[in-house]
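Next up: the structures, one after another.
Look at the two complexes coming up: chain A is in both, with chain B in one and chain C in the other.
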Partner chain A sequence: MTESTEFITGATPAAPRFGFLLPLGLALLPVMAALVAAGLVLLVLGSDPIEYYSYVVQRGLLRWRGLQATVVNMVPLLILGGALIVSFRSGLWNLGIDGQYLLGTLTAGATAPLLAGAFPSIVALPLAMLAGAVAGALWALPPALLRARAGINEVISGLMMSLIAASLTAAAIKLWLKDPASLEPQTLTLPVEDRLPLLAGTDINIGIFIALGLVIAAHTLMMRSATGLRFRILGLNPAAATHAGLGVPKLTLSVLCLSGALGGLAGAVELTGVLGKMQASWHPGYGFAVVPLVFLARMNGWAVIVFVFAFSVLQIGSASAATRLGVPQDFTLVLVGFLLLFLALSEYAGERLRAKKV
Partner chain B sequence: MPPIFNEPFLAALLTGAIISALPLILAGLGEQMSERAGVMNIGLEGMMMAGALAGFAATLAGLGVWGGMLAGGLVGAAVSVIMVLFCVRQGMNQIIVGIAITLGATGVTSLMHNAWYSRTYPRLDAAEKIALPGLSQIPVLGPGLFTHHPATWAGLFVALVFAFVYRQTFLGLNLASAGEKPDALDAAGIDVTRTRSVAVMVAGAMAGLGGAYMAVIGSGIFVPHMTGGAGYIAIVLAMLARDRPLWVVGGALLFGFCLSATTALQVGGIEVPTDFIQMLPFLAVMAVLVLFGRNARLPRALGQPYHRGQR
Partner chain C sequence: MTAAPSPVVSLREVTKRFPGVIANDRVSLDFFPGEVHALLGENGAGKSTLISMLAGVQRPDEGEIAVDGAAVAIASPRHALSLGIGTVYQHRMLVPTLTVAENLMLGAPWWRRPALGGVRARFREAAAAFGVSVDPDARVENLSLGEQQQVEIIRALWRGGRLLVLDEPTAMLSPKGVEELGAMMGRMKALGIGIVFITHHLTEALDFGDRVSVLRGGRSVGGIAPETLTALPRADAMAEVVRLMFGTGLASAEAAEGGAHVPRALPNTKMLEVVGLSGRSPRSGSSFEDVSFHVRKGEIFGIAGVDGNGQTPLAEALAGQIAATGSVVLDGRELGPANVALRYQLGLRYATDDRNGEGMVGKLPISTNMVLKEIGAAPFWRRGIERRAAIDAHASALFAAHDVRAPGIHTPVGRLSGGNIQKVLLARELSGSPKVIVYSKPTHGLDLRNIEATRRRIRETAEAGVATVLISTDLGEVLALSDRIGVMVRGRLVGIVENGPEARLEVGRLMAGITEREAA
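Up next, the complex of A and B:
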């Protein structure tokens, strides 16, 4: 993990003898600190943090139903995590990820029910996922072109594309893709028997394996392949990439479109797995939940899986805590906000520690 | 089609446009100063939420509209201290800290709203408006454009002040140098850290004022997530306007008109898919980026921490 540790501050990697202690401490300390700080916020506002946390863990992790919901919840977050690993490791900020997710969901929602009517689902579902991935990549194209051709910051254009996507998908469903048999504006529904198969005796569909596979594939691509090395050079030093004869605009385009394709795929897998249809108001805003997690994981695919799991427990648990204990689900935002701040602090502290040793 | 394009409708449309534009103007001017000094403030949205809640709470406590605006500005500046400490002083990643601020402030204000107001849903009295003599008598346009709370005119005045500061003062020159070539500013004997800190805190205060305006003067209520992306729009306005405060005002008025048209058409009962209208401002930004993108040059040292003695 050491090779990836220092993206954020740009310092040199740790000395070998601290090779495992320091990263471990730097990952765990912010988590503990954030739990305490967010707990204090609860305390000040009149809720019992211990009761809250134990309720969340009980509902999201210890109950069989809750655990299944947690695993299902992980699927889109993991694939989006893979998308962001590709982008962030290449030094590009694909913050338009929510838009790509929405376009992928919409495309799969429009195509999957029709394809399932014409082909067996072993053909239909992969085709729908492919369509979702292509839609996500296309939605990532304008910011990618602006960045590659005119050097325009991809953060803002990405955010714009996300905001446009939210309205565009809603309008498209209301105007062109509405299921005439339904009162609510939503796409045609993919019949339950045509969706991704469930693991025997559970509510968990095989999307979780697709998701785990994609995160690890993204991680391996970036860390173990020649293409990944080119992408990372682009992130570490664009000038050096140019000098090394790498086509920076072309690499930029490939990174952002690959990331966008994964973003679209996240939506397509979730649609063919659990949703079955897309409602016009569907806008879960997963992106801003996943961005902090990918940072906490220091863009390591394996660590992303751990953090996404913990976050899903929190999401599922806090959803039932909202009705039971009266603490809004927005509490997760507070916790993640604190996590990020303490992560930045621990990075900084770690850098100082190492500087002293050397 | 119902006869909606009558005078009251237009007045409501224009009033709404100005009321939606003002928070964008205030926050956008703040972000402009921060970016000019080399600090990208993605936490703007969170600072607006904090200012909105603070302004609402202060006005509800009897401090009046101006007291609420002041509280919003102060709390916005207080939140931006995080940015100063972490990003300006220690050089941590501005985008990460900015996202953290937005998430944290959105979450905390939502929890506070839940703890304090979710049973009673208090509402403020409408802020009193002042009709500018003469101008507000103009038929059709006058009532909507020129009958507003005085804080509205104060906000527009700030844009002129900023324009003056950038063009005519040493402070303006220092700010620009901190964003373009901080080592040159340092060599000239000016403290880069202090210059940037001032810019970031002004941005926080302006965002807080914008949020307070939304809650206290705009709607009279506080609801979680009420800024609804206004902070991001303000960032875009600041980027596109570069060093011209009056462009921020113009862009914000354009956005404000689109936002207001969405509500007005809904109220007027017209069957336009409102999703399309909501999309217009963002489409406009993309169009502008595509057409004039090459000109949207950002300060050279934007987003880069300054450490003395390093290249």
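Up next, the complex of A and C:
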């Protein structure tokens, strides 16, 4: 399959024997460089980088419990990745994704316990997820309308909508949706037995399959369907979209609302799978963790899965490593930051090398 | 300063090449003090390159620019200013949120404390001298475009400029603004400042110019000196300029035209009928009004006119890209509201001149670009999912039939040369069963061989029965290919001429704004 023909532009028919070495090196070198650079930071902080890394790998990947935590951790990130693939491939920057996620989580938190009381969970949970998706789409609507009608940059309005969402969800929980039985401001709790079922003998709920399915669906939609092609043309050349008679405002609305719906769905799936309730202080900021991953993956769904997995291993592993070795929790972000930096550099170097050859 | 007979600035055999193009070919021109020198030429005639060399942005490959008779290598825009050459570009270059005076101080060294008072006083002085009234403390964004231009002119002459280069200064002005600009130029002339007035409007050149020169295909093809211009009746001057701009005198132009027009017998079926069509492009803001014409089966209907007279929005409205009022009837069927996909399907095709800008998606492969106007339609998509085999087979067939030179059908279009992109575009627009094709400047930017191939293709498809609308700013092309020719001026179709030996002159007259009534 050549689902990314638009990127493999330099594939010459008669490639030299070791032609694969250059792209491989360009992919591996930055990873190594990031590990080394972050290791130096660890040294400065007074920790042994080798120990830290081996701890991360052991706790996040090799230990069965750690691996399960890693997989569960991937669920919202994957769905948000799908949301961003749709948006970024269409040349629109839905950075209000965190707000849509929060609204989706809140809506699912408000509806799922009630629905679970009235219907069997095979009906209740999909309904709660649908509600979450609708909430996400509606939250994406104001920036989408502003963009489609008046050309107002969706980045700024999306970010502002996220800020509003954070306060709004907290206020809504404290004012109207608070579980009276709880001291903490939080919604009613979805009983554990009504949540998404677990895979036999694990802590992993079937949300991971929903998440994987959604990422691949988003990828397939963009790369194989007529709708996806319309979206991509919008991103690659809006003037060509007009020329080909694709209604640009309508496409813009569709892209941003679809992305918002997936954002809301990410929250709903996480709530019905793991969280069970929405707390007023819940604000994980997943969006900004996923944005760089989607870029690293070049908006390819399969690659997003790989990167989200690696990121999750890092997150889970470093959480344990942090308490054990006294390294700050946020050190993961330092590593991701280095990775982005070096990948960008290798991208640049690759361009230069290719240009030289031509 | 006295109006000495020696030129302030002279171009001597100036040549400038860009990869694949000669933008200026041994151009020699003199600019005298106290004189408005109107420089006429179509888009692509080499005007912009000439300006950028005078402004110090680019340097000539051959030949020289002389200031006060001595050759100078103008190294930078700053250097040009210090030599007394000020340039005002077509697009405004002021910071909108700053005041006029603040804008004028932008070039000052950073360590010096801004002397706002002095700048204000000097600005008022200059404004009074040129007869304009702009408040130096007004914010630029609150000024009209005409006033902004006046500020830019004053800025261009701030350090004692002696030659003012105005690049299409009237393009964005209201009629009143044009009048004010005329008055301002009169004052500047009286102060001994030489003015280079660049335009592609014949009437403006004659209204404002003391001397007129014509650029065509990068070469200076002649002009009218001030003595002659004052002596000549306006109609004759106009005719002379038309002859220079479109005349038969050039061997290369003749070669490019690819043979003369041969009258043909055509069936009397109206394939396309346009009645009272008006519309405006939201993108460029240009518009056309009350356009009516028809095209018969197999006929080539040329639309001549200087660029920017409403041809592009007309073509876009015909293709269904922009909304328009009026009626478009295709083969007996009223088309109704704009809808590109439907019109494409019914056989109304539009080959845009903006091939890279809107015609193609550069990063997508040739194969996808071939079906860009049929997204979602069978047999290339089934229930919304693409059928790659069908798309590839379609592309391969067109690829061979149109002789596209590329590594393969999956090569991104953006990597092809202009000529090959044009082939892909024509392949898409001609595929299936076209009934009407609208070409917009089909040979613009192509090399001779591809111009030849494109014109052959246009002729062949017309002979196969396709009704053709050929919009072109190249009069030679329109004359060589069309059966009838309509002329567009300021958004209106001012006349339709049967092609024949007299057509060139008639079209030229219509373009120059002389309607048949006036001429008679």
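Here is the rule we go by: the second predicted complex is superposed on the first by the 332 of 358 C-alpha atoms of A that agree within 3 Å, B and C clash if a C-alpha of one lies under 4 Å from a C-alpha of the other, contacts with A are read in each partner's own complex, and residues count from 1 in each chain.
By our rule, contacts are C-beta pairs under 8 Å (C-beta built on N, C-alpha and C of every residue); 3 or more make two chains touch, one makes a residue touch a chain.
It should be emphasised that the depicted structure is a prediction, and the values quoted were computed from it without experimental measurement.
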| item | value |
| --- | --- |
| Which superposed partner A:Leu114 touches (first chain B, second chain C, both, neither) | neither |
| Partner chain in contact with A:Val336 - chain B first, chain C second, else both or neither | first |
| Touching partner for A:Met32 - first (chain B), second (chain C), both, neither | neither |
| Which superposed partner A:Ile233 touches (first chain B, second chain C, both, neither) | second |
| Touched partner set for A:Ser225, first chain B, second chain C, both or neither | second |
| Which partner, chain B or chain C, touches more chain A residues | B |
| First, second, both or neither for A:Val291, with chain B first and chain C second | first |
| Touched partner set for A:Tyr348, first chain B, second chain C, both or neither | first |
| Contacts of A:Ala244 with chain B and chain C, given as first, second, both or neither | second |
| Shared chain A contacts, counted only where both chain B and chain C touch the same residue | 9 |
| Contact set on chain A toward chain C in their complex | 2, 5-6, 9, 13, 224-227, 229-230, 232-233, 236-237, 239-240, 242-246 |
| Residues of chain A that touch chain B when the two form their complex | 8-9, 41-42, 45-46, 93, 142, 146, 150, 152-153, 155-157, 159-161, 163-164, 167-168, 170-171, 174-175, 288, 291-292, 295, 326-328, 330-341, 343-345, 347-348 |
| Chain C residues within the chain A interface of the complex | 283, 319-321, 338-341, 344, 352, 354, 357-365, 368, 372-373, 375-376, 381, 384-386, 407, 410, 412, 415 |
| Residue numbers on chain B that touch chain A, as the complex places them | 42, 82, 86, 90-93, 95-97, 99-108, 110-112, 114-115, 224, 229, 232, 235-236, 239, 273, 275-276, 278-279, 282-283, 285-286, 289-290, 293-294, 296, 298 |
